[in-house]
Amino acid sequence: VTKIGVLTSGGDSPGMNAAVRAVVRTGNYHGLEVYGIMRGYSGMIEDDIFQMDSRSVANIIQRGGTILKTARSKDFFEPEGRAKAYENLKKRGINGLVIIGGDGSFRGAQKFSNEFDIPCIGLPGTIDKDIAGSDFTIGFDTAVNTAVEAIDKIRDTADAHDRLFIVEVMGRDAGYIALHSGIATGAENILIPETKTDIEELISSLTEKEKRKKLVNLIVVAEGDEYGGANEVAEIIKKRLPNADTRVCILGHIQRGGSPTCLDRLIASRMGYHAVECLLNGRFNVMVGILNNKMNYIPLDNAIKAKQKISEDWLKIVKILAS
Amino acid sequence: VTKIGVLTSGGDSPGMNAAVRAVVRTGNYHGLEVYGIMRGYSGMIEDDIFQMDSRSVANIIQRGGTILKTARSKDFFEPEGRAKAYENLKKRGINGLVIIGGDGSFRGAQKFSNEFDIPCIGLPGTIDKDIAGSDFTIGFDTAVNTAVEAIDKIRDTADAHDRLFIVEVMGRDAGYIALHSGIATGAENILIPETKTDIEELISSLTEKEKRKKLVNLIVVAEGDEYGGANEVAEIIKKRLPNADTRVCILGHIQRGGSPTCLDRLIASRMGYHAVECLLNGRFNVMVGILNNKMNYIPLDNAIKAKQKISEDWLKIVKILAS
Amino acid sequence: VTKIGVLTSGGDSPGMNAAVRAVVRTGNYHGLEVYGIMRGYSGMIEDDIFQMDSRSVANIIQRGGTILKTARSKDFFEPEGRAKAYENLKKRGINGLVIIGGDGSFRGAQKFSNEFDIPCIGLPGTIDKDIAGSDFTIGFDTAVNTAVEAIDKIRDTADAHDRLFIVEVMGRDAGYIALHSGIATGAENILIPETKTDIEELISSLTEKEKRKKLVNLIVVAEGDEYGGANEVAEIIKKRLPNADTRVCILGHIQRGGSPTCLDRLIASRMGYHAVECLLNGRFNVMVGILNNKMNYIPLDNAIKAKQKISEDWLKIVKILAS
Amino acid sequence: VTKIGVLTSGGDSPGMNAAVRAVVRTGNYHGLEVYGIMRGYSGMIEDDIFQMDSRSVANIIQRGGTILKTARSKDFFEPEGRAKAYENLKKRGINGLVIIGGDGSFRGAQKFSNEFDIPCIGLPGTIDKDIAGSDFTIGFDTAVNTAVEAIDKIRDTADAHDRLFIVEVMGRDAGYIALHSGIATGAENILIPETKTDIEELISSLTEKEKRKKLVNLIVVAEGDEYGGANEVAEIIKKRLPNADTRVCILGHIQRGGSPTCLDRLIASRMGYHAVECLLNGRFNVMVGILNNKMNYIPLDNAIKAKQKISEDWLKIVKILAS
């Protein structure tokens, strides 16, 4: 491997820039030429590729978003798209790729690598923290802290008015953002896809509370909860507790942006460094993760969305600490 | 005036605690007894009143929300409610009131004062900055900075994906939060109630842009725009530009909470100090404002929502700077 | 005026980028060519000048520092330096300048304009807020909010330990940062150059407090206080109150950086816009300020450091509210 | 165990309140009486102890500092002090203790427990992250993020002026804050106690850089580096590179305060919960840590300051990524 490309793909997440920076500088350090590919696989197909050096990545470690932009490319699902992408790499002599993205991006990489024998390394870049093989994903820590800061603010106004707030956080398939931000803000209830949401129990606990005193209550819902998001939950609650002063807040895309936290910058830097090491050492087509404080490498094929079992302890903690 | 009460009323806003602190400490300094009244006029009617001293307000200047809580009281609209409230003040000898809230709260105060001869001083506490007689309202600067930080984050992800974002900020009757946060984040379009929203012009400028390149565009909408909020605007845009990658984000209640900015703490402190001075100097039934850097006192009756004319300069700046 | 240059000079301040953006885009809008000059007058002498367009200033409104970099140029004090600078402008046809900086930078501009008949417009860019003719300077609001956030944190640990903290903030000639951040954080004492610091009174009030209870006390000192900075004050206090748990914290350069607040972005945008308007309308060699909510133009010669009298009210508020 | 006491001891750290909250609520949930002890062992000796319930810890999870205050007690080193402390616990029937603090506090607890047979549980509360037996300590993540935000701001002004900045962060015995914040901010050099600081190599790399171009360079120093703090390092550099524009910034106590990050709130909550579980399950005189994502319990005697070997990888990353 002598020339490598780096791209960001799928939903953006804070820390992607730190990973790009690490790939470029580690590559340069080892004498590799490094190319940035714009907008994920789209730029690979459309030949939007440019050489990068140390200065191209100066002063980006602290920036949210991704300087390489990102996209979800439909064309890359098609053999013609991948063939075209390969031509664009080949004509530059690029013979290694680092893909920063989620499980969908990894599947594309694996397929591409199978077809064209260009080794690919995946780095888990997603705010949802639901990739097998890594305790951390780039962006999760920032997203969850953004959610916590927002919910802290909502708590101020909820307390001032004795209100019931239902806050929706991101997480279509995974409840990690909801679980972590909910515990950290002292949410009374946390609804996540990993556990069965017992709406009747929720209603009866709220009713109980309302009888005793003003109903101040914070419910954090993952957008992917099987019961629906905050609006769906609010509708039911309003019907059953018509006197409660109920409000909905959907945090939305603010969770994707912002300057990355120290942790996200660190893991992104480490993963970017090790991605290049993998390419140099012939450890091909793996995702670079961190497990139990050690670097962990799993085949790209296995780096899928992982529905992890939420520990019983955590659920107990939610219940006890908000009481 | 020897004993005074202080309350927060209507929607909460960051800086209310700083104002309460200033009222309590200035009152104590001048030898007055100061009473906190919980939940606005509700606590006055329900006799939820307690004496405060310097320590009651220690360490609250930096807190969002209001330690006195707030509410909108229907009962205070009724003569019986006000009579009951008066009894509760009278039995404690309270003969002066400071009301921190918006124009609705001031109207209640004026009526109460007319009926029961308890002088009232109003402090403008609202994030909307739409009260006549003051350049500043307690909470606006914090709210607008919260909006700016949130939109900066959205901009990260909008840029990463080349997306069109429609962000809704608070402001049912006034577009100040939208106008200030929109200019400060370089929004391409800002829709506010004070100006006619020409949706056709908006659509055609977006169409023009889309023809030339990827459509990255940030539209900030005040919730009270005559065309509706972000969802309504998005619906039209999606119909007319079906290929644009359009997203909506409604910032919602995060704009009400959070630790107040330096400016909000300062004006709240100054206003609270002068509220007590007014009561001591017989300047009764006024709202304390700040106009052109000087304290400004207007009769409570005149402290109404002010639909101010937005300067032509500002609108030009929006147009030119986002180009 | 058909071609203009823009530069940032002296100490950097948050919001300078927003001002540069406004100058470039307003200039372009009016058909002017706009040139960025690097490192203040140094780049003008060293011919480090490049043409800018709308895209050069994309995505900088939210960035701290200045993309044009800044410096204090000794050579510009010499006639040869200015002559060389003029040559570099002349060869490009630049016939107007916008200088974003402090009073020293304005004096240089005035001299340059007298000698070479290139009209100059000054924008007040300094965190110290001590320029005559404007209620606002670009960067002050951000700096003071940074100071407030830092002091809030120090307050946490001061309270946890019952400590006496002496915090030094910036302000060599002016106490505005100290005064505003001190009031906003409930500092018990604020030492500024504008008022005589009575160290004996300070010591005796601390002694008094120490007798009554644990000594938790926050003193905010402007670096330019006539008694010296935090270290000097601490030395005296430690000598006279040896049992107090006294700590010093010098906030330093963190006050210069960071993403600008909404207010700083707004005033920088407005000032930048009006700077170009001035050049177009023949209003030459003025500083653009904002006074009582209106644009205000004063001759560059008069835009000097202003030792303003601190209002009696404010000093009273400091004393009463911290009690 | 039926009645337990909880205290915070030693230097304060963000997240201590979250731990106190978890101890109180988990204790209450299991039917225990929970007592708060003020100012660490001092309050135990001075009998400053009060019963706590769920409401005593409402709305504190997001607060910096510690509502129980903290101190370093000399008297507790003496047998008489500990005897007095024991009397105060005994008269209330307190038969279990949770101590949130550092290794010094744990040694005190172990001694106390040996003498008086009151089981003690330690929770690692220190921003320095240098306690054996836990990957996390309460407060580290917040402190390091505060440092990162501050250094980001300094980077803005360093870049604007082409300056060499030497930033000192906390860490008397451990370089974790320096190492993590240094990598995360792209510091060119990081000086920590765990590695030998080769000042000659540093000087020669700076000299090299200065020859090639303007010297913009960020050095992060742990206060406990064997070469001294930022001031000592600056002195040497200024002597050897007199033309460099060198500045020092000592972050100081801002690193101790502030609202805790999501991670610190989470680990504090989990540790607090498990502290009570330990007391209930007869797992006495241990420190509750988290190792490789699992709860980890080590005897208090072993919970000492751990000088960990910094991984070679990390040091390589520092060198390569800043290049």
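First chain written, first letter: the chains are A, B, C and D, and each begins at residue 1.
Heads up, the rule we're going with is that a residue touches a chain if its C-beta (ideal position, glycine included) is under 8 Å from a C-beta of that chain, and two chains touch if they have at least 3 such contacts.
Not measured: the values here are computed from a predicted model.
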Checklist entry - Count of steps on the shortest touching-chain route from subunit A to subunit C? => result 2
Item to check | Chain at maximum distance from subunit D, centres defined as averaged CA atoms | outcome: B
Checklist outcome for this item: Taking each chain's mean CA coordinate, subunit C and subunit D are separated, in whole Å, by 35
Item to check | Rounded Å distance, subunit B centre to subunit D centre (Cα mean) | outcome: 39
Checklist entry - Could you state the distance in Å from the CA-based centre of subunit A to that of subunit D? => result 28
Checklist outcome for this item: Note: subunit D residues in touch with at least two other chains are 152, 155, 159
Item to check | Complete list of chain pairs which touch one another | outcome: A-B, A-D, B-C, C-D
Item to check | Residues of subunit C defined as touching subunit B within the complex | outcome: 21-22, 25-26, 28-29, 54, 59, 61-62, 135, 141, 144-145, 147-148, 152, 155, 159, 180-181, 183-186, 259, 261-263, 265-266, 269-270, 273, 292-293, 313-314, 316-317, 320-321, 323
Next on the checklist: If we count contacts the way the header does, which residues on subunit C are in touch with subunit D in the complex?
Outcome noted: 8, 12, 14, 39, 63-66, 69-71, 146, 150, 152-157, 159-162, 165, 247-254, 256-258
